[in-house]
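Order of writing sets the labels: A, B and C. Residues in every chain begin at 1.
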Amino acid sequence: MDIYLLEAVINGILLGGVLALLALGLNLIFGVIDVVWICYAELVMCGMYMIFWLHSFFGWPILLASFAAILGVAGLGVLLHLLVISPILESAPINQLLATGGMLFFLQSLATLLFGTDFRNIGLRLPIIELGDIFISYSRLLAFGTALIGAVALYLFLSRTYLGIAMRAIAQDREIMGLMGVDQRRIYLITSAVGGALAGLAACLLVLQYDVHPFIGLSFGPITFMICVLGGLGNMIGGFVAAFVMSQIIAIGGYYFSIEISYVLAFVFFIVLMLIRPQGLLAR
Amino acid sequence: MKNELTRRLAPLVVATLLLAFVPLATSDYVLHIAIEILLWGFVYTAWSLMGKFGLVSLGHGAFLGIGAYVSPLLWNYAGLTPWLGIPIGVLIAMLLALVIGYPCFRLRVIGHYFALVTLALSQVALLTIVAARDITGGSLGMTPKAVGHSWYALQFPEKPYFYAIALVAWVFGIVVWHFVDIGEGRAALDAIAEDEGAAAAIGIDVMREKLRVTLASAALTAFGGALLSQYFMYVNPDTLSGIGVSLQIVFAAIAGGMYSAFGPTAGGLFTIALPEILRITMGTNFVGAANTIYGALLVIFIIFMPRGIIGWFESRLAAAPARS
Amino acid sequence: MLSLRSISAGYGSFRALFDVSLEVAAGEAIGVVGPNGAGKSTLMRVISGMLRASSGELSFEGRSLTRLPAHRIVEAGIAHVPEHRRLFAKLTVEENLRIGAFLPQARRHYAERSEWVYALFPRLLERRRQLAGTLSGGEQQMVAIGRALMSKPKMLLMDEPSAGLAPLVVEQVFALVHRIREEGFTVLIVEQNLRQVLEVVDRAYLLEVGRIRLSGSSAELKDDPTIRQAYMGL
C-alpha cells in the first residue's frame, strides 16, 4: 500500500476520535432530553476561546486552562438548558431546532463582537512523530487518545452508575421516571452539564490542532450532525462507528482529490445513505 | 374560491399601490433597502410555502445558491441572457428538489431527519461552489459582466427599474402563497402535517402533495436568488448559499410569522432593517453587535412568540372584539 | 395510612374522577374495581403523583401529598407498579431493579434489597442479565413488582397486574400479591378481574364513571348484585 495512503488512513482514524467524542456528546443530549443542540459546535468554539484567553492572555498553564474550559462549557450547557431549552421542552421539535439554531447565530455573532474575526492560535507547538516516511503529529495522537479515554469514561458512567442508568432509562420511558424516585429536571441538568463537558473536552483537543475564530463551528458542526444521524440519532455506539466511517471518507478523499472535495464527498455519501436507509446505518 | 381570493388579494392590492409610490418619494438608499426587503421577503415567503406544513427545510440555501450562480455563470461564460439563464437556474433547482425530495418523502424522512438532510444539502451546495473556485471564484465570489443599462442583460444601474422588478416578484410570491393557502392542496397538506399515516389512509397522495409544494418552494427560492445576484451584481457563497443563509431564511419566515401572507415579508423587514438601523446607530466599530442582538431576539421570539410578529398581532386583533 | 378526600382529577377538559374518597389502613390490602374507563388508572396516577388532582386532599401517614411531584411521593414510601408494566425494555433485569433503587435511602441497602427481591422471584435471578424486553409477560410483571419493591416502600400501588397475562400466570401473580401482603406491605390494587382480586384483598371500592359507588369487605362484595350490574352495564 502506498505509504502516503497509509498516512492518510491513520490521520483519518485520529480525526475520527475527536469527531466520535463530539458525536457522543450530541447523541447523549438527544437520547436523554430529546433535543438536538444545533449550536453544539459553537459551544466547542466557546471552549476553544476560553482556553486561548486563559492560556495565551492570562498565562495559565495549558492543563489548568483546559480543565477550566471543560468546567466552563459544562456550565454553558446547563445555562443553555435552563434558559433556552426548558421553556420550550413541550413545544414542537422544530421550535427547539430553531431555538438552538438561533443560539448558533447568537454565539457566532457574540464571538465576532468580543473577539473579532481574526484567527487565533495558542501557539503550542507539539512535536511531529516520524515513523519511516509517515509523519504523525503528536497533537493528533494525543487528541485521539484523550477522546478514547473520554468515550470509555462515558461508557462506564452510563453503564455503572445510578445516574447513568437513569439517563439511559429516561430515553426509553420518560413518563414513569418519577415513579422511580428520579427527578427528571435534575437528570436533564446533569445531562446538559455532561454534554457541555464533552464539548469542552473536544475544545481542548481541537485547540491543539486548529486556530480558533468565530465561525470555526461550521467546520465540524454540520459533519457531526451527519455522523449522528448516520449512526442513528441517539445511538451512542452508532455515532461512534459512523464517526470513523466519515473520517475515513474525508481522509481518503483528501488523499485522492483535495480536502474540500473530500468534504463534499462525505456530505453526498450522507445524503445518499439517508435516502437508502433513513434510520441510519446502525439503527436497531 | 373566487370571493375568497378577492378578499385576500384586497390588502395585497392596497399594499402594492402604496409601495408603488415609494420610488417617487425617497432617496436611492431607502430604495436600496426597500428592494432588499422585497426580494428577501419573496425568498422567505417561498420558504414558508413548505414551512407552514411542517416541512422544515434547513437547506434552502442550496436552491438560493443555484439560482444566484447559474444565471451569472451562463452570462459570463456563454453570453446567455438572464432571460434564459434564470429559468434554467430555476429548473436546475427544481430538479435538485425532486432528486432529494422524492426519496425523502418516499422513505418518510421527516422531522429532525429531514431538517438535517436538507442542512447537509445546503452545505454540499456551498462546498461545491467553493471547490469549483476556478469557475465560480470560490469564497471571493463572482460578478456578472457589467454592461450598464440593458434589458437584455437584465442590468439596471438606476434603482427604480429594479424596484419595479422586485415589486412584481414580491406580489407574485404573495399571490402564489394565497393560491397554496386556498387550494385543495392546502387541506391535504394540513392533514399530512398532522398525521401522515392517517392522511395516506384516507386516500391523500402524500408524495404528490409534498413534492408539489417542495418544487414550488424551490423554484421560487431559486428565482429569488437569481434576482438577488442580478441586483447586487455580485454573488458570494456565504451570503447566498450554505447553512448560514438557510438558517436566516428560516428565522425570518418564522419571526415574521409563516402562517400569514405578509408574515415572511415582515421577517424580511426585521432581517434587513434591524441590522441597518443598528449599523447606523452603532457604527462599524461594533461589528457583530447587530447580529448578536438579532440572534438573541430570535431565540426570544421562538420562546415567547412562536407564531411570529404578525401572528402575535393577529392574535391580539382576534382577542380584541371578544373583550369588548 | 393513606387517605383520599374528595379527589377530583382529569385530563384537560375531560374529567375522570369526581369527588373520590377512600381510606387504606396500614397492613391492609384494598382493591379498587370497576369496568373499563371507570377511572381506576387515573386514581393510581393521582396517588403516585403522575397526575395532579384538580381538587381534594391526599395524605399519607399524616403528611399531605397533594402538591408533591412523583419522585417525592416515592420518597414518602408509596411505590407504583404501572399499568402494562412499563419496564425499561432495553435495560437488563438487574438494571431495572437498580433504577428502582435510585433513591439515596434505597441505594444504601441495594445489596440486601436485591437479594430479598431475587429470593421472592428466583426466576429473575437466572435472567438478571437478560434484557427486560425479552422476558415473558409473567416474568415482566415480576420485574415490575420487584422494581417497585426496591425503593423500600411502605405501600404498593398495583395497577391492573393481571392485564394481558395468561390465566395461569394471573393465578401466580395474585399468589404473589398474597405473599407480599404476608411480608407486611400495605397494598392498593386496581383491577378489572373481580373474582381474583376479591380473593386477596380485605376491602374493596367500586369505581364507576369516576365515582365511588360502593365499598365494603370482600366477603360482602362477593355476593353484591350491584357490582355485577356495574360490570355488565345493566
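Here is the rule we go by: a residue touches a chain if its C-beta (ideal position, glycine included) is under 8 Å from a C-beta of that chain, and two chains touch if they have at least 3 such contacts.
All figures in this text were calculated on a predicted structure; none of them were measured in a lab.
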Can you name the chain that lies farthest from chain A, using the mean of each chain's Cα atoms as its centre? C
In terms of CA centres, which chain lies closest to the overall middle? A
Note to self: most contacts are between A-B
Between chain B and chain C, tell me the centre distance in angstrom, where each centre is the average of that chain's C-alpha atoms. 56
Taking each chain's centre as the mean of its CA atoms, chain A sits from chain C at a distance in Å of 43
Using Cα averages as centroids, what's the distance between chain A and chain B in whole Å? 31
Residue numbers in chain C touching 2 or more other chains? none
Of all residues in chain A, which are in touch with two or more distinct other chains? none
Listed in rising order, chain B residues that touch 2 or more other chains are none
Can you tell me which positions in chain A touch chain C when the two form their complex? 162, 165-166, 168-169, 172-173, 175-184
Considering only the defined contacts, which chain B positions touch chain A in the complex? 54, 56, 58, 100, 103-104, 107-109, 111-113, 115-117, 119-121, 123-124, 127-128, 130-131, 243-244, 247, 250-251, 254, 286-292, 294-296, 298-299, 301-303, 306
Which of the residues in chain C end up touching chain A in this complex? 48-50, 69-71, 73-75, 79-80, 82, 86, 88-91, 95, 98-103, 106-107, 147-148, 151
Touching residues of chain A toward chain B in the complex: what are they? 36, 84, 87-88, 91, 93-95, 97-99, 101-113, 116-117, 214, 218, 222, 225-226, 229, 233, 258, 260-261, 263-264, 267-268, 270-271, 274-275, 278
